[in-house]
Amino acid sequence: MADIALKQVTKKYKQHTALNGVSIDIKDKEFFVIFGPAGAGKTTLLNVIAGIAVPEEGVVTMNGKVVNSIEPEDRNVAMVFENYALYPHMSVFDNIASPLRSPRYRQPESKIKEEVHRVAKILRIDWLLQRLPSELSNGQRQRVSLGRALVRSPEVFLMDEPLTHLDAKLRHQMRAEFKEMQANLNTTTIYVTHDYLEALSLGDRIAVLNEGRIEQIGTPDDIYYRPATEFVAEAFGEPEINLLTAGIVRKGGEWYLNLLGDSDHFTVPRQVKSVIEELQLENVRVGFRPKDIKYSFTDDSASMLRAAVYSFEPLGSKAILTAHAGGQLIRLIAPADLEARPDRPIYLKFNVDEAIFFDERTRRFIARAGEKGGRFVG
Amino acid sequence: MAAQYLGSVYNGWSKIVAKPQRDNGVSSVKKRYAMKTIVLLVVTALLVFTSACSSGKSGGSEPGATASGSPESSQAPGSESASPANGSFDWKQYSGQEIDVLLNQHPYAEAIIARLPEFEKLTGIKVKYSITPEENYFDKLTTALNARNGNPDVFMTGSYQLWEYAPAEYVQELDSFLKDPSKTSPDYDLNDIYKGILDGDRWDLVPGHPVGTGSLWALPLGFETNVLVYNKRALDSIGAQPPKTFDELIALGEKLNGWNGDGSYGVAVRGTRSWATIHPGYMTAFSMSGAKDFEIQDGKLVSKVDSPEAIEITKKFAELVKKAGPKDWTNYTWYQASSDLGAGKAAIAFDADIFAIFQGSKGASKEAGNLGTAPPPIVKEGQAVGANEWIWSIAMNNASKKKDAAWLFMQYFTGKEHTLWGATQASVFNPIRASVWENPDFLKRIAEFPGYEDTFKAIIDNTSIKFTPQPEFFNTTTEWAAALQDIVTGKSDAETRMKQLAKDINKRVERIRTE
Amino acid sequence: MGNTNPFSKLLKNAALLLYALFALFPLFWMILISFKHDREMFNTVFLFHPTLENYKVLFSSNEYIGYFLNNVYVSVGAVLVSIVVGVPAAYALARFDFKGKENLAFTFLSFRFAPELLVILPLFLIYQKIGLYDTYFGLIWVYQLISLPFIIWILRGYFEDISPEVEHAGRVDGYSWWRVFLKIIMPLIKPGLVAAALLSFIFVWNNFTFALLLAGQGVITTTVASLKYISSDTVHYGQMAAAVTISALPEVILALLIQKHLVRGLSMGAVKG
Amino acid sequence: MSSIGKSGETVQIADLAKDRMDTYRVPPIPFMRKARPYLILAPALLLTIGILIPFFISIYYSFTNYSFKYKDYSFVGLENWTLMLKDPSFWHSVWVTGQYAIFSTGAEMLLGIGVALLLNQETRLAKALRMVLIFPLMIAPVIATLIWQLMTNNSVGVIAHFLRSVGIDNFVWGADPKTAMFSVVLIDVWVYTPFVIVLVLAGLRSLPKAPFESAMVDGGSAWFTFKTLTLPMIKPLLVIALLFRTMISLQEFSIIFALTRGGPGDTLMSLSLTAYNEAFTYKELGTALPYMLILWIFVYIVSHYMIRYWSRAQKNASGS
């Protein structure tokens, strides 16, 4: 069982920098998700931990021991690869058995047999053991490669987008399985994905990676409710968060946000005010999750902002409604059965208390009023 | 393991071979055997794959590497190997040693191989030999000598080649051996060897100096004079006599084209781009025309192949080939010339007299029994007939580590006994020893070959090596052959080409280093 | 592709047959007269009494078998050395990147194009000095010029086809890099290896110049030996044909074995088969 | 830089400081691990050097008068080179070599492409021939030459016999300067055309179907589709075929050697033959080497650029 730490790790391939000064601390038994878009350096990060890639700078420690110069086979890590990386010339059984036959983790054949069958049963592939990888479906291959990792008890599981190649239904099911597997395996797991739902639903903590740099490390709630940067805010949540630039309008004691040319309705929450004051900001960026924007078709200019329907995409249970106001597009959630012709006037109410505030210059998180996702920091 | 593998292949084959060929359907027979062959090969291939690794890089010692004289004939080496202290000679004194011999593909070589068992029995020396066709023989020999690693210990060579090998210190001079009574058998009798022939292997290494001077570099095995060997059937078919002059030869040869159906022709002569093309018929005619290859002018060799006589005779020779020679003359080595004569393709061969024996001996060829011998055609009226001669000799590698054993080999196969055996039982013609020419069996034998002895007697006095000794012999004669080809194939006319040749040759001989 | 009217079809087949005749008849003829007795050689063409005489003569002295064996020894030896040396090299060229990689790869390839005589002339002297002249090993070494480029260039392609992830999986599973190489990579490239080996075997087997000039009477190979059958006091065309047939057979068989990989092999992996 | 709000900033700075400390203790990667690629390559490199040494030695000897006819040799500077360049027979041999390469390669490419197209049909004949047609390629060139000698031999040759039966009895192949080049090229073509066939055929069979169907729909002529679609797509293969054939035919030795040894006259004295002659018949190593070095330099440069060109063509073909 291991806690794993990366300190200022930089990995270059030729001129291209895959990891740039990455520092992470992963606690023992933690289910740690590394999230990021394609090419963010997620896989490289795993390879560095596994010892497949050797960083130019920085150190990797396991249980406080620096392991940079330790070969992969001696790190006692198990890895599930994005493309499964099964041994094409070996049967499923032999694939799963291979770690236990290696000089490093050798077990008696009898033990191997029972171990493999045990794991295969868990993964419900025990009826495939004699087949070759080429005779399996993607889902099955994925399970085999998973089995190859689970068959032994390593310091840490490394999983590189294990679900990406599966169809939506299977992916859901597997996600659930992972969760409880992790629960009763209680081994450190580092899980790479580009799917924010996977990240949020599986991770104890999530590290958001972008172009080789860490954007933020935090619990799913931190990430979702207090995204460190606009990048993080945009990456999590579907439809995407609405980010609007707002000027600060001081009217006596009250402060208002000037959103989309409307400066009457949006009072700056008290807690946020202090921060803004401290930083002496003239403008801020305000993020509204689509679900935090209410709408109505009955004119209520007093409390609401006037806009026009731009587009309407029903998605079965719900629908994404895009409205058009002050030269900006605003996405919000609406019931699928809504009657929304384009250009129909619509009135929006932004729930400022749920809004997320960013520094307009640095695009970094300032503050948030809402109580959701635990105590705010202010 | 290799040996027992050989066995298996051989048995496999003999089985196939033994199989009676029921049906005459070519293809089916062929198919069946081809199939067997394939199967056999696959099997053997596997066999070898396994054995290949274990057989190291043991050079020639591999049974496959060189075809060694039948093993069972060589009995266990005698105990005493060092030469005895006193001066007495003993054939067994180097028993147990093994020598390598490089042979040219030639009846002389066959005679040697045939008698190896006797030699090995007599001396207890083991002989490993390999045979190479003449086309590559001297290239291979030169490279082997250049290795200076003592392999081969003994080799066949022509006298001409000695002019190159001796200055390069490739060959051992032999007088010292001849003088040593503990090395040379008392009954070897050097004087029995025709002086004219033996002198062909003597030279003092000074370019331009004649043979017969200086030390002895090799011992003659046999020698060839260049004459006309003709097919009596052919001549009778047009009621002709052997031609006396070169012009007659041309005219007659032309008449004889097609004498024996498709592809048959008048006169066979060599034509490859090789030194060997020059020395037989061509050089004989060349010398009889009074031309010389070189003259020494103020101490320098100067080519004379562009002299008027030289150009004239070259023209004539080209004419002969064009009018009466084989269509693909430039492919002709003495092998082709000889076998064409034997197969009734060629009516006449202007080449070695021994063709008459090789092809004429009973059962040796289709035309055996029809072959006659006549002196080479004269070029000028009334001149005395003579020919260029070629001497096959055996010489000793200067780098040999078993010179004494090698010397025994040379003695044995140039000695009276073998020479006589070769001349009477095999085709070692012409024998180099006077004693043989007096031997009744021998005389009886050559009597079988019409005109052979007379021809020999007629020309022997004027027969000698017509080339001027010099170490660039190969260059000059190869260039010469190339020129001859150009002239015959009409690529260029004799005049200009021979002048060009002279220039090239002079360039070559200028580069002779004499230190 | 193209139009399919009966006439053009006929024409195409005719052309094809014509080429087939050109390509195959010589082989047929060679086999044919290998069964023809020298007696009939000069006066018959197709119709004759088939005989195994020529083969009998060929194998009666173990001379020819010797040449054949020599050929096998040097060819097999050369290929084995190339495998031992070339497989790791091919792997390195496929997997790692390091300075001058492509130049190195090209150097290997350029061996295939090196004028044989240029190598032979100096090598001839060196060999004679260090005693490699006319030895199996001497030939095996120089044959690397032929077989090594094949092995390296063909296998490099096969290695590149294997996903690095598979190797990483092996490492993580607890195998050291060379165990991974032996247990996982090698089995995966086996077909390629076999093809490359056989193909380079064929071309080594066929080589003439090296064998002619770097070996003396010690190591004569069939290609060199076959020359001697045109020269003898009577030319033995039949025996020559038989010799040629025997020495050509292994190649044809091997060729049939490796059809699938032929393209990749012949283009030395420059073109994926 | 996990930052949660502004108070996070301070924490993070502390982290950074700590990290810096650590980065000083980055352990070096073990030498054996860094050197691995080179270790793996080492044997091949050694062998390469072992093979390359002769090249350099030959460069050295080309400046000496090394000869098998003499025991010792001396440095003669550029003499051999100037001798060669002044010698008309050198330029002749360059001419011969070039002719041989161009004729044989040209014929093989054309014939090869043609036959490959024919073999690409799905007729029974084509299918049957696809395999067997490569046999000649498996025959050693020198052996192939012997076979052709057998067939054209004036006494026993089936072709000679055939020619005679149709009244041609003065066609003597290698023996006639006018037909010598034709003869050797013919043998080269016989042996190596299958090489081109195999490559081109592979290219044709791996072609995507779609563009051709669309071309069919557009009703382009067979030739047009070939010119605009097939050719560009199989270009990389053609380049490779061309590369191999040119390079190897430039130094072809055994065919000419076995057929005419360079004759008749100097008709077929290519660079290789001349070098052989100089070295092994005349035993002049010093004068032989420049012939081969010139050829090698040429071959090396040309093949280098052709490889480059090929990899570009490769990209284009796969890219588009």
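Each chain gets a letter, A, B, C and D, in the order it is written, and its residues are counted from 1.
The criterion applied here is as follows: a residue touches a chain if its C-beta (ideal position, glycine included) is under 8 Å from a C-beta of that chain, and two chains touch if they have at least 3 such contacts.
Bear in mind the structure is a predicted one, so any value in this text is a computation, not a measurement.
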Chain A to chain C, fewest steps along touching chains: 1
Contact-richer chain pair [B-D vs A-D]: B-D
Most widely separated chain from chain B, with each centre as the mean of CA atoms: A
Cα-centroid distance, chain B relative to chain D, in whole angstrom: 40
Distance from chain D to chain A - Cα centre to Cα centre, in angstrom: 55
Whole-Å gap between the CA centroids of chain C and chain D: 15
Length of the line joining the C-alpha centres of chain A and chain B, rounded to whole Å: 91
Multi-chain contact sites of chain C, meaning residues that touch two or more partners: 42, 46, 177, 213, 227, 230
Contacts with 2+ other chains: residues of chain B: 135, 143, 146, 343, 345
Of all residues in chain D, the ones touching two or more other chains: 149, 153, 155, 161, 280
Chains grouped in pairs wherever the two touch, ordered by label: A-C, A-D, B-C, B-D, C-D
Chain A-touching residues of chain D, taken from the complex the two chains share: 1-8, 15, 18-20, 22-23, 25-30, 33
Chain A-facing residues of chain C, complex: 163, 165-166, 168-177, 179, 184, 187-188
Footprint of chain C on chain D - complex, ascending: 36-38, 40-41, 43-45, 47-48, 50-55, 57-58, 61, 66, 111, 114-115, 118-121, 123, 125-126, 129, 131-144, 146-151, 153, 155-156, 158, 161, 190, 193-195, 198-199, 202-203, 212, 222, 225-226, 230, 236-237, 240-241, 244, 247-248, 250-251, 253-254, 257-258, 271-272, 275-276, 279-280, 285, 288-289, 292-293, 295-296, 299-300, 303-304, 307, 310
Chain C residues within the chain B interface of the complex: 31-32, 35, 42, 46-52, 55-56, 59, 61-63, 65-70, 72-73, 76-77, 80, 124, 128, 131, 133-138, 140, 212-213, 216-220, 227-228, 230-235, 245-246, 249-250, 253
Touching residues (chain side chain B, partner chain C) in the complex: 2, 5-6, 9-10, 13, 16-17, 21, 24, 26, 29-30, 33-34, 37-38, 41-42, 45, 48-49, 52-53, 55-60, 62-67, 100, 102, 105-107, 130-136, 140, 143-144, 146-149, 151-152, 333, 335-336, 338-339, 342-343, 345, 358-359, 364-366
